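Below you'll find the structures, each written out as structure tokens.
Both of the next two complexes hold chain A, though its partner changes from chain B to chain C.
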Partner chain A sequence: MKPLTAIVFKDIVIEMRSKESISSMLMFGILVLVIFMFAFEGSGLDKSLIGAGELWVAYSFAAILGLNRSLAMELDNDCLQGLLLAPLGRGALYLGKVASNFTFMIIAEFIVLPVFFILNNLSFDQRFLAIAGISILGTLGIAAVGTILSTISANTRMKEVMLPILQIPLTVPVVIAAAEATSQILNKETPEISAWLTILAGFSIVYLVISYLVFEFAVEE
Partner chain B sequence: MKVKILSILSAVTLLPALYMIFLFAPTEATQGHAQRIFYIHVPLAVIGAYGSAILLFIGSLGFLITRDLKWDRFGAVAAEMGIVFTSAQLLTAMMWAKPIWGTWYVFDSRGTLQIVLLLIFVAYFMLRSYLPDRDKRAKLCAVFGLLGMVDVPINYLSIYLFRTQHPQAVISPGGGGVEREMGYTLLMSAIAILFFYAYVFVRRLTIARVEEEVDYYTQVILANE
Partner chain C sequence: MSDRLALQAEDIRKTFGHFTALAGVTLNIERGEFLALFGRNGAGKTTFLKIAATLVRHTHGKLRIEGIDTTEDPERARRHIGFLSHNTYLYRDLTPIENLRFFARLYGLNDADRRIESLLDRVGLRRRISDPVRAFSRGMHQRLGIARVMLHDPSLILLDEPYTGLDANAVDTLNDMLDEAAAAGKTIILTTHDLEQGLRGATRAVIIDRGKVVFDGAAKDQAIRTAYASCIRVGGKA
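What follows is the complex of A and B.
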């Protein structure tokens, strides 16, 4: 547990000093929401139907931005080498990076979410809490896949371009399940929500376990 | 020798398969001749797309366990075949869907799964071409191949929950079953495509090995100059 908390603590300290990751994710997420608002404003489409997709597009694109930043930070000054030399297992390193990526994403998302509610003129009732819960589950899945994929893409010649190409197809189940669950909450009809939540949780568990096992191959020199 | 046998087998089976598809199989009552594409489409999906996914999974896992570069080649060839066969299968689906459903593409469960599968194959392929170092490429691609192929069943599950417009599987327990001639035609076509797939796969694997040797000798020559 100790190496894990040490990595998270280190990342939080860096983030408090540089304020790069959360602010860029936050700005990007809000920009996506605003652009969608312009795109759909005159169309007369029901907000509760398109809202869920809008929110998860904002979340998943902002997450990619944050993941790119998180690994770029480790590559500057060869910090990753230092982490690899530290006396901790590769799996622990992976879990630590997942935890810190997850924390930053969640902080940004919990600021984007109220903005989403305000822009779409929704009232802050139980639905807000329910969607916040779904955000936590979905973000865990995105962070689990994204952390290992950002490590892979960091080795390529086109680092920032490669990550979305690798990540978006793999996170399709998360985005589908999370968007469906969110849309059911927004419509106040939740017939299949437990199935969607199971998929979200299952996805996160499967990817946390597999990535934990294969992470050493991704960072090996 | 193995390649030769496979090439002969695929030629011998493809011709009768074509005959059976166009002449032997009865015309379907409601869909007419458009239904004949089913005999190509189903084997392409099952053998071409899912088969490639399984082979890529085996190749990736094999490399991570043994660290033998031959498994890396295996995975790379599987991904290439996946791109070709999944695209072909999506094209046949579109050709069928336009006259029958009146639209090229519908975001139903299986169609979406195929598109995501194709995107993962393409992503794997792009990742390969952006990694210059041989060993690093093998390692990272194996990791991505593994992660990508684990995604396929989860994807299927999540997409399956969407209401599906795809015709329900007729050849399955609980499926409606098909006319006997249709069943034979599908079987023949599946065998033909299986041999064809195996032939192209083995051929491509040999070429991949030669390519690697050429790469190696080019580097040796450049180093000695």
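What follows is the complex of A and C.
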């Protein structure tokens, strides 16, 4: 646990100084919500139908910004190599970076989520807590796959472009399951929610385990 | 024999796609040796050091660090290794003390603060402990990099072009610390383009060319100069 907490603590200290990761995710997430609000204003569409998609578009694209920043921090001065020199299994390093990416994403999302509720005139009832729970599960999947993909893209020429190209298709199952579960919560009709939550949890865990096992090869030059 | 060896490389080969970076390097380095590794650009020096540091996996061959097979137990081997390149692997937004505390925790060092303070004293950065590394000059960066390398008291110190961009003062500090490490019985492997700088404290010199060892002898031997000049000349024509 010591290396894992060391990596998370180090990333938090750097973020508190630079304020680059959370602020960029936050700005982007809120901008997406505002754009969607204006785009569908007066369209007559039910907000609870489009709201879930709107929220997960904001989350998943904001996550890419955060992952890019996390990657840039480790590439600056070749710091990733410094981590790789430590007498730790590569899996432990991976879990450390997942934990810090997850923490920053969740902080940003827990500010974006109330804004989403306010912009869509939703009341802060049980649904808020339920969607917060889905956000945690979905973000775990996005952070799990995003951390390894950002490491893989670090060894490519078009780092910042490569990450979304790899990340978006691979997180589709997580985003679809999370958006479906969120939509059912917003509609107050939850007949299939357990199925979607099972898919969401399943993909998040599978991504985490597979990435943990293959991270060693992702950091190989 | 093998229990006297800090590094034992047997027929180490490394290919990147179709490019062969190392074409079979066999090198035994005894504990306490100070080896200067020379070669022109692209000869394979950095690749060899990165393989020795377990940063890059070799394609073929066997490598042991302090008797530990780096393929079988890389984590244990890494405890013995300190690696410094021209990049110092330090986080620019952290202060020197935060950087060193972070690496101390990664290495599982308990009560590292006293050692960190003494190292910062040694590299002359005690008065800058609260400044972010971002504000440091290249020389100060490298001095802090040396402190990072020495933090876990490695027995094998690998230095890849450590003099790059250093001013005379920083070169002196680095040389003093290398002399101290050599006197303390540490094994040092240093790569550089500067023959005089490399031979200064070295006991043994090796030249790598096109991924192979083409010279291996005592650092005081005049033959190293002839071999180096010949290697550079042939390289230049090629």
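In the analysis below, the second predicted complex is superposed on the first by the 221 of 221 C-alpha atoms of A that agree within 3 Å, B and C clash if a C-alpha of one lies under 4 Å from a C-alpha of the other, contacts with A are read in each partner's own complex, and residues count from 1 in each chain.
Here is the rule we use: a contact is a pair of C-beta atoms (placed from the backbone, for glycine too) under 8 Å apart; a residue touches a chain by one contact, two chains touch by 3 or more.
If you're wondering where the values come from, they're calculated on a predicted model, not measured in any experiment.
Q: Of the partners chain B and chain C, which touch A:K10 in the superposed model: first, second, both, neither?
A: second
Q: Could you say whether A:L197 touches chain B, chain C, both of them, or neither, answering first, second, both or neither?
A: neither
Q: Based on the superposed arrangement, let me know which partner A:L170 touches: chain B (first), chain C (second), both, or neither?
A: Touch status of A:L170: first partner only.
Q: Have a look at where A:N77 lands relative to chain B and chain C in the superposition and call it first, second, both or neither.
A: After superposing on A, A:N77 lies in contact with chain C but is clear of chain B.
Q: Looking at the overlay, what does A:E220 touch: chain B (first), chain C (second), both, or neither?
A: Both partners, chain B and chain C.
Q: A:V145 in the overlay: touching chain B, chain C, both, or neither? Say first, second, both or neither.
A: A:V145: touches chain B, not chain C.
Q: Per the overlay, which chain contacts more chain A residues, chain B or chain C?
A: Partner with more touched residues of chain A: B.
Q: Once the two structures are fitted together, what part of chain A is touched by chain B and by chain C alike?
A: Shared contact residues on chain A (touching chain B in one complex, chain C in the other): 220.
Q: Within the complex, which stretch of chain B touches chain A?
A: Those in contact with chain A are residues 64, 112, 116, 119-120, 123, 126-127, 130-132, 136, 139-140, 142-144, 146-148, 150-151, 154-155, 157-159, 161-162.
Q: Can you tell me which positions in chain A touch chain B when the two form their complex?
A: By the definition above, chain A touches chain B via 145, 148-149, 152-153, 155-158, 162, 165-166, 168-170, 172-173, 176-177, 180, 192, 195-196, 199, 202-203, 206-207, 210-211, 214, 217-218, 220.
Q: Show me the residue ranges of chain A that touch chain C in the complex, using the header's touch definition.
A: Answer in residue numbers: 2-3, 5-7, 9-10, 13-14, 17-18, 73, 76-79, 81-89, 220-221.
Q: Would you pull the chain C residues touching chain A in the complex into a rising list?
A: Per the stated touch rule, the residues are 16, 50, 53-57, 75-76, 78-79, 81, 83, 85, 87-94, 98, 102-103, 105-108, 132, 148.
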